[in-house]
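Below is one structure, written out as structure tokens, with a few remarks after it.
Naming follows writing order (A, B, C, D, E and F), and every chain is counted from residue 1.
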Amino acid sequence: MTTRFDGRAVDELREVRITRNWLDHAEGSVLVEFGRTRVLCAASLTEGVPRWLKGQGKGWVTAEYAMLPRATHDRSSRESIKGKVGGRTHEISRLIGRALRAVVDMDKLGENTLQLDCDVLQADGGTRTAAITGAYVAMADAIDTGRKRGWIPAAVNPLKDSVAAISVGIVNGTPVLDLPYEEDSTAETDMNVVMTGSGKFVEVQGTAEGAPFDETELTALLGLARTGCAELTELQRAALAEDA
Amino acid sequence: MTTRFDGRAVDELREVRITRNWLDHAEGSVLVEFGRTRVLCAASLTEGVPRWLKGQGKGWVTAEYAMLPRATHDRSSRESIKGKVGGRTHEISRLIGRALRAVVDMDKLGENTLQLDCDVLQADGGTRTAAITGAYVAMADAIDTGRKRGWIPAAVNPLKDSVAAISVGIVNGTPVLDLPYEEDSTAETDMNVVMTGSGKFVEVQGTAEGAPFDETELTALLGLARTGCAELTELQRAALAEDA
Amino acid sequence: MTTRFDGRAVDELREVRITRNWLDHAEGSVLVEFGRTRVLCAASLTEGVPRWLKGQGKGWVTAEYAMLPRATHDRSSRESIKGKVGGRTHEISRLIGRALRAVVDMDKLGENTLQLDCDVLQADGGTRTAAITGAYVAMADAIDTGRKRGWIPAAVNPLKDSVAAISVGIVNGTPVLDLPYEEDSTAETDMNVVMTGSGKFVEVQGTAEGAPFDETELTALLGLARTGCAELTELQRAALAEDA
Amino acid sequence: MTTRFDGRAVDELREVRITRNWLDHAEGSVLVEFGRTRVLCAASLTEGVPRWLKGQGKGWVTAEYAMLPRATHDRSSRESIKGKVGGRTHEISRLIGRALRAVVDMDKLGENTLQLDCDVLQADGGTRTAAITGAYVAMADAIDTGRKRGWIPAAVNPLKDSVAAISVGIVNGTPVLDLPYEEDSTAETDMNVVMTGSGKFVEVQGTAEGAPFDETELTALLGLARTGCAELTELQRAALAEDA
Amino acid sequence: MTTRFDGRAVDELREVRITRNWLDHAEGSVLVEFGRTRVLCAASLTEGVPRWLKGQGKGWVTAEYAMLPRATHDRSSRESIKGKVGGRTHEISRLIGRALRAVVDMDKLGENTLQLDCDVLQADGGTRTAAITGAYVAMADAIDTGRKRGWIPAAVNPLKDSVAAISVGIVNGTPVLDLPYEEDSTAETDMNVVMTGSGKFVEVQGTAEGAPFDETELTALLGLARTGCAELTELQRAALAEDA
Amino acid sequence: MTTRFDGRAVDELREVRITRNWLDHAEGSVLVEFGRTRVLCAASLTEGVPRWLKGQGKGWVTAEYAMLPRATHDRSSRESIKGKVGGRTHEISRLIGRALRAVVDMDKLGENTLQLDCDVLQADGGTRTAAITGAYVAMADAIDTGRKRGWIPAAVNPLKDSVAAISVGIVNGTPVLDLPYEEDSTAETDMNVVMTGSGKFVEVQGTAEGAPFDETELTALLGLARTGCAELTELQRAALAEDA
């Protein structure tokens, strides 16, 4: 059963670490690690909302994802130097934003903005799922900060649920959970699943990189993802239960 | 059953039209219409491949998606004038490219590049699915042109399968097929599914815009998508069976 | 006399087609064809004017011209991807805007903006002149829409005249009218002329691509242009006389 | 007759000064002044041609026009800071390049490139015509430098003719020559004419800024331009006859 | 002692020329020459300040530095065409701005902005120090213009001191003053020093291009700079003492 | 004497921590901390040099500095999103590159490139000096890796010396060492000094933010910097002496 190159079972997560308050300035911050993947998630809470949302009494949640040049095995060039943000970066930033918005009640947030910055310090597969999982915790802390400072009424909780994400894929014909780079780069199918703490789907993004997949494989992958997200939800709860 | 604002059944496609050879210069070209959504797909076949692929005897397939400024109800500004391509445009371009590559045997294509340009002339929901469905037909024509001109050996068929795409979603609690803008803008869940002609999945991209969705809803959506893609596959075959 | 490669007389236009209301959303829209040249002209009428014009009670007319990548024989790269608009595109956009402004009474338009988008779907010479000729008709329809919707007082007509444009040039020593790509690419002199329906000049842009030209040749070219614009004016009138 | 605000006759040029060798490094350089308009023209001659021209034994001539921020009455922002070149700048750069190429025999130039930089130090109308007139002299000097240094065979003269340019326009109903800003900004029609030393047209660019113009007015403007260009041709010859 | 290639003593400036009012439109303007280095400094005085400074009753001083493409021995490409401003340009612009702000009392300037444009027409080393030295004189003239026009109360003098700058360096082991390109390109250490008229330091920027330098060398360089700045201060005073 | 808000003596460094091998992929990497300032320095060693240096047998060292958006107290926007790198970023990147090149023998490095990425994870003053100090250690490790892997001959040591940097400034009239943000933002003079391990100057960059400074103050600042750099040199040696 443990045929994976790193000795894990097919339905086993890598070691996950969630370190809160890694930064001093941010309203919430988390260094999240899925094995060697390491993402710094900073949550900034500011008064006001983008212009198109003003005067509606609603808040906004948005995210930006980026990778340091030497996060990867070979250095990649800096998007600021290239003068434009690549398609992959855009796509993941939008994904993280949607995932987080799914669990926030914008009316309860009031006219405040939560900006999540997810910077990959080291990449070894699963950076977007680590980012979502860590960003949720940073966001929860930022909301807590906001309530303590009175920006958000203390009696109100804008969080409707928690959210976590995991990658699954078919590697050498076998559905597996939480793919590191070595597996990800050879997977026939790669899927990222975002789920709420209460077990519902927020995003399902499956792509056949090699051979197209059938309904049986899809079902297996969704099952693994459900398992993984449930475990991550527990880890998020445990992290948030600790004294900040 | 026909509770939809345009009178369609929940599992009914809009009228689909595939007009081949809409352009005189391109090696393959299609004007594809899903109801009022109208996308011009031009397939350019050129010798040579990008630098990173040279000397491997393999071909390449890539795509660019864009929208004319007044394709939409209100005019949107031109990305060329803004000087950068938006995240949504990037994301859809990448999706179309992956979808088409899934059905092409790059070894058989030889060191040739297929560039698909999908320009939305009018948008009424489902532009990316119309683009994939039309681009496949334009690509098939371009490959045919290549074989006639001897760029690709006539005895070789680089196409492994066909590919089509459709949107499904949950509108007012009901899973429906092929959403026009009016439904798309209020859907709780929106999903784009790309399938091969032989009925396998290439991409499944589901997003909870409103409430997260559960497994039952996911199953219903995938069922509708299967129906829609099968019908589109038939329409593609019929279009390609006609004399060009 | 009919020495031209497509059998036309030196003073003969290609077949011109003006199809109104090609789009559903735009306030005015025209698909204009000069032979194989095909330009989609969308006129957007919106309330308000650019900041520098506010509070003067005057309107504004502006235009953007662009070419789809595979409009031409060989694919050209997308200006949005390159991140900047080329000199030729800028130049033609400015020309179209000036041509249209010449026939609009800005005081009567009121503080409204007419934005003309001229997208070349297929190019075979004369794209800028087709764009001007078609954009005038789309603009007339948009003004009509504005008067019907009450944005412009129904009693007021902001149009002072009509405007059309044609290319002329010296090919193999002979002055000819309405050059397709095959002639345009070898012409010694290339001239674009914009005229009002009442026969006055709005723009004369003549360029010696090969040998400089003398006054006799200039006179011959202006004569041909006069003929061509008069015919286009008739075709515009006929198109606008039909029920929309 | 002398109804112009600066006392000139309608067919009278402003004072024109052509100062050669204003720079120490450039192969040719001219400070050209049309009244208060002051343009620095630097001609750089380098071996080699752009990639698309290599191996054909032909040369290339190209130009870039720009304006210093405080060349104008009110400061305009720097195009380098804005990160993009405006349409007007593009348009004039292209015009200057075409004008100069009209008098150079590319075969005789050999695989060398002439790059003309025309930077407006102070603007008072007619900057593009001053630029063309001065750039021709700078180019002639650069070609001379090239022949002295042996980059171009001394026995060969790549110059086929000289080229100069002047603006004409209709101001308060009267056709006038060489418009300063005060006239240019109120002219009904504005025309730039580029002519060879032998009296042929290279470019005619006339624009009705106000009322469209008729054939009589066009003829009057072309007559004035012919006079002005002939005088400029004489001034260019005189300047080049002096010891450098 | 006079071992320098151009015959100067180690502590001798090149010939410095300060020509005021070189432009007609700008509130202050100077063509400053340090030997063959030639910089045009235009000072624009406008009402209002950047948004972040509004309502505080304070003024603002800012600067932009740029080089014409053929200011240098070999042509360099235009930053506007490249679409971005290089690091060196940014750095020098910021330096000039800081130097000028050091001698202006922002409260006395009132809510007005002084924009200094320093464009290098010809470069032969020391362009940034010439720019600062010339820009101060242009700024003094612009302030004078502002007082004459009543934008700044005539009784108030926003200038606290004057400012000038000079380069020093170690060439072949010898500390020298005011390096032309030929020395600058081989200097082991290069230092730019900005000083007030009253002899205090505003900026000291020393860089070891070759071997690191010790305290003795640093002291020698600062001594030379003090001499040079004192002489430049005298030249500025003399220039400003002339009738404009 | 200990009048500083954080209790330090005027000549006392903040707590400095140098953590080697913070990343798994990079040839050398350091997390350097000066109090709350935290910079991740990654050194990438690759074969080959930039085009302009090819074939000379010499290596190259270059650096890029950047700040994460929430490194600072208030979030700043991402330079990749803005599409251009700011002047400050450019300036510091260039400074770091020059500092490191001062201690590397390019001939001994051979045709290899060292790219240093210095990303500020948290900023509290002195980010550029921390970056230089940490980058030297990361570079030393990368060179060591290169020698172990045989990219650089094991017998050759391209390092000529070590390099470190510290900030000094005048705060409330008192010269102090190693300024955190709270002091930096109110300093009258701010100076960054880069020195070799053997006690020579590589860079001296002093700026009067408030009142200009005199020679006595300059001497005091240089003395403090000498002390600070000497201590940092010891800390670098100690860090490199540990087993990696």
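Going forward, a residue touches a chain if its C-beta (ideal position, glycine included) is under 8 Å from a C-beta of that chain, and two chains touch if they have at least 3 such contacts.
What you see is a predicted model, and the numbers here were worked out from it, not measured in a lab.
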Through how few touching steps can chain C be joined to chain F?
-> 3
Rounded to the nearest 5 degrees, what angle rotates chain D onto chain F on CA?
-> 120
Separation of mean Cα positions, chain D and chain B [Å, integer] = 51
List the centre-to-centre spacing of chain B and chain E in whole Å, with centres computed as mean CA coordinates.
-> 59
At which residue positions does chain C touch at least two other chains?
-> 83-85
Over in the complex, which chain B residues touch chain C? Could you list them?
-> 23-26, 29, 36, 40, 42, 44, 46, 64, 66, 68-73, 75, 78-85, 89, 115, 117, 119, 121-122, 124
Going by the contact rule at the top, pick out the chain E residues touching chain F in the complex.
-> 84-88, 90-91, 93-94, 98, 102, 161, 191, 195-196, 199-208, 211-215, 218, 222
